[in-house]
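Once you scroll down, you'll see the structures, which are given as structure tokens.
Note that subunit A is present in both complexes that follow, paired respectively with subunit B and with subunit C.
The block that comes next holds the complex of A and B.
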């Protein structure tokens, strides 16, 4: 098992390196001088120079061949020449990343790492709750659909899940805001907590923080704020999980051991939960893992609609403000996180399925 | 067919000499027998008719189409779906907007199919180092979540319909590359390829005459489903203000234009564009699922 994990980690490395390279190249896709584009046409020459220097735009892209050439001509020492070879934009970017230095926002001048720490918990909290919603509704719906195949419930839930995967989540968000926020007034339509409520920040997850503070009112309010964004963000994964659970269950229910289990007089409940569900779970877990990527990307839409102060809204605001270092880091962090989650899913899959482990 | 006349029981169908049906004819018959696929075809036909006929029947100029006296009017006999914040008829804009969604879908799937298909065919057919190089690059692109990648590309290249199509197209490249490669790898092991090689058919001819036609059905399925996703992503970009720019009546941009008026209770500016996006995506998803079932040769029993 350890061997398998190590092998998977090593096979992930080239992809991760490629991802950093692509994210780095991102700034060079900007038409024109990135520094000027970021600061706007009326930027002072001084500011442009500062940004160019901060981003290292005056250095060569991948490798600095000038330094070894100088060393060969005897202008600088051999050691300096070799060291100078690696003095490039990309390697500098990579080196800073590895040291945990994510750079600075162009406009706010705050270190990006600090901003990230501030925004990240909001997105995590929203994603976790969305996933909880998707699983809590999707799996039971799939099971019932499979066991009552071709019933009215099956038909409705499958039509519902087809509509669910076809729905633009920002539109679903807007509809929820209209019905449950504006019309019925059940849930707040934006933000994580009312502005006048302050909560001591421990984890940054407001539900956890309010429990830690023993503040029941804050917990209720935090949950109320979470309901609509979570439903909006969780609907697509819910639909996909329901479809996957149904088809996995249908396949398992045809197996001989299910018939045997029924034949020896086990109750339907036991057969479904102990015999069928356990075996249908593998593909469902994989699909749940794969949805996490979609969740984090969907957070941009959901957070924008609900003014949720997380990474998604942060990226969106940064795009509008042309704050590309922030966009760069946020894209990188989200992508790396997804790669890690997928790795965890693979490992758990191997853990659950001995066939893969021993291949 | 003289035998049929001697058949003692059922003369209508003699299975031994059943009329030959082509692969595509069979697939079409199966497709039209599926209710879901039929529903998908109806939705897509309506969309196509709207997109193609709208400019013929009625010339629409979004720049001059505003009437401040009719701002945010609820649905009525005059304006079936009401008017938006500039007094523009929502239904008219909706019908003309179908063009953008279809255009983005077709062009971006086309980009992905062309580039990804060629890369995948090359990777599978040439193999070795090239295969490794191409597929590693595809893995890297696939590591990014689709929507995030599209947003990032449009963010640096600037908003607009052209960049939207390119961005969504790039997202499709690795998907089609993987599909094409896996098809080549599975087909080249088939006996008929060995047979063709044995009789001295050139590698080029094998690729184009023997392998390519057999990769078609999964590619058709993936393209149809891709059209749905492309429409969804393009609308998302439009909603974020990164896609087609107002006043052009793109559905995502229409939503982003008018969602501020939701608080005033103007539901009619929000419901129709979103429902249109959803129906279009649903149509392609239904047809794609139907095609998958219809084109699967294992279903021919």
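The block that comes next holds the complex of A and C.
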């Protein structure tokens, strides 16, 4: 098992490398220049040039062929020429990354690592709560739909989940803000906590931090702020989990061992929970894993709609500001997260299914 | 003779479908005495498995019991509430199903299967004690106790079927319904399994309803045989007299269609025709379209199922 995990972690490296390359190339396909964005449209060409130089944007993207060419012409030494070949924007970024230097935000002028520490927990907290919501509602809905097949509940929950799957997140978010935030005033419409409330930062998850601080009021407020974004972000996975649970349960309930379980004299409840659900959980866990990937994509929209200061909104703002280093790091972090979740899902198979043993 | 374990009186089982109602078990009356093995034979779809599931009150919806009475140890099974039915299952009546690969929960160890059965009906038994009982049980069934924590996929087909038997034996059930217990096993394993079953039956004086289409298995184990055709009981009697001198033309045909290694293939007779459509059964005797000895009466009137010799009943106008 340990061997398997190590092998999987090693195989992660090429994936991450590929992602850096792809993101790097795509981001340079977007028209726009960070220097111009920073200085404004009417900046002088000289200033723009100076800033570009400062940011290293004047260097070639992937490889600097100018240096070996100079070396061939005899203008610089061979060693310098070879070294110079790698003096490009991408390889420079990669080199700094390997040394643990995530670079600086062009826009905010602060080290990206510091920003990441600030934004990352916000996204994690939101994602965890959305997923908790999706699972807590989706799985029971799926079970009841399957065991009461073709009942009114089944019909309603399946229509509901179809609507849930088809709902654009931003629209759902706006509707939630309009009804529950503005009209009814039940929940705050933006941010993680009221601005005047200070909380000692330990984990960065405000719910956890408020519990650690023993601050009940802060916990309540943090949760209140979490409700609408979590619902907006969790609705699609919830609907998909409900549908998947239903179909997996329907399939398992037809199995011979379910009949055996009834023949043993077990109650319907025991049969459904201990025998059917456990077996149906295998496909459901796969879907949950895949949904976590989708969740992080959805976080970009949700965080933007709810002004949630997390990685999603950060990426969104960074793209608008052409803040290349931030986009690169943020996407890398998201990729790493998705890959780790997938690994976790694969490992969980071994615990759920005795037929799978990783050797 | 002591009180029978099971007494079925005029049992009807219906399967309502979109194009009509199928009566899968039609007016079947049957008793099973304590300590006997009753073989229930017939071809696929004749209603024999449905009869077994009806006894357990585990018919798959929309299947339902449409009439009759089933007495089990003197109590009418059809009047029991859900909870009473549940408590009966696994404890007083247990079932051995056909395919042991699909009938055991793949996520449960052998011990989990057995312990669960024991503790469902005997909640006072501790986990440790139930586990000890389970170990004893599989040891008696010829499975090494080290296999107690194996999962079904780690066991061979024969072992899995023995685990199924273990489940049936765990609580000393009054009646074991074995539905095609050997069908998915190869001949060698089948022979071993039947040997084991016979030993257990004699040792514990088990009462078994053996549902099968395999005449050989019946000859091996059963004391009496009931033959079903198209949802009806057609013949019932002690196993050797019935096999030696079958009365009903269907039974005769059934026995002649069993391949015998000592005979050439030319001696193997294949019954012509197919079993009738149960949506629309033929009038009179249901076997008459395939019967060589058909008479006019057979086409019009249904023969009653009655005793023609001591311990021998048949539904045929020839007798």
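Remarks
Criterion: the second predicted complex is superposed on the first by the 276 of 359 C-alpha atoms of A that agree within 3 Å, B and C clash if a C-alpha of one lies under 4 Å from a C-alpha of the other, contacts with A are read in each partner's own complex, and residues count from 1 in each chain.
Note that contacts are C-beta pairs under 8 Å (C-beta built on N, C-alpha and C of every residue); 3 or more make two chains touch, one makes a residue touch a chain.
Keep in mind the model is a prediction, meaning the values are calculated, not measured.
In this superposed model built on subunit A, subunit B and subunit C occupy separate space and fit side by side. By the touch criterion stated above, A:259 is placed in contact with subunit C alone, subunit B being left untouched. The superposition places the C-alpha centres of subunit B and subunit C at an angle of 70 degrees about the C-alpha centre of subunit A, rounded in steps of 10. Contact with neither subunit B nor subunit C is seen for A:63 once the two complexes are overlaid on the shared chain.
Residue contacts after overlaying the shared chain place A:353 against subunit C, while subunit B stays out of touching range. Once the two complexes are overlaid on the shared chain, A:345 sits clear of subunit B and of subunit C alike. Contact with subunit C, but none with subunit B, is seen for A:275 once the two complexes are overlaid on the shared chain.
In the superposition on chain A, contact is made by A:30 with subunit B only, not with subunit C. Counting residues of subunit A touched by each partner, subunit B versus subunit C, the larger count belongs to B. Contacts of A:267 after superposition: subunit C is touched, whereas subunit B is not reached. For the pair subunit B and subunit C, the minimum alpha-carbon spacing after aligning on chain A is 13 Å. Residue ranges of subunit C in contact with subunit A, taken from their complex: 56, 58, 86-91, 94-95, 97, 99, 102-109, 116-117, 120-121, 151, 153, 164, 167. Within the complex formed with subunit B, the residues of subunit A that make contact are 14-16, 18-19, 21-22, 26-27, 29-31, 162-163, 165-168, 170-172, 174-175, 177-178, 182-183, 293-294, 296-298, 300-301, 304-305, 315-316, 319-320, 324, 327, 331, 334-335, 338-339. Within the complex, the subunit B residues that touch subunit A are 136-137, 139-141, 143-148, 151-153, 155-158, 228, 232, 235-236, 239-242, 252, 255, 259, 262-263, 265, 267, 270-271, 273-274, 277-279, 281-282, 285-286. Those residues of subunit A whose C-beta lies close enough to touch subunit C in the complex are 255-257, 259-267, 270, 274-275, 278-279, 352-355.
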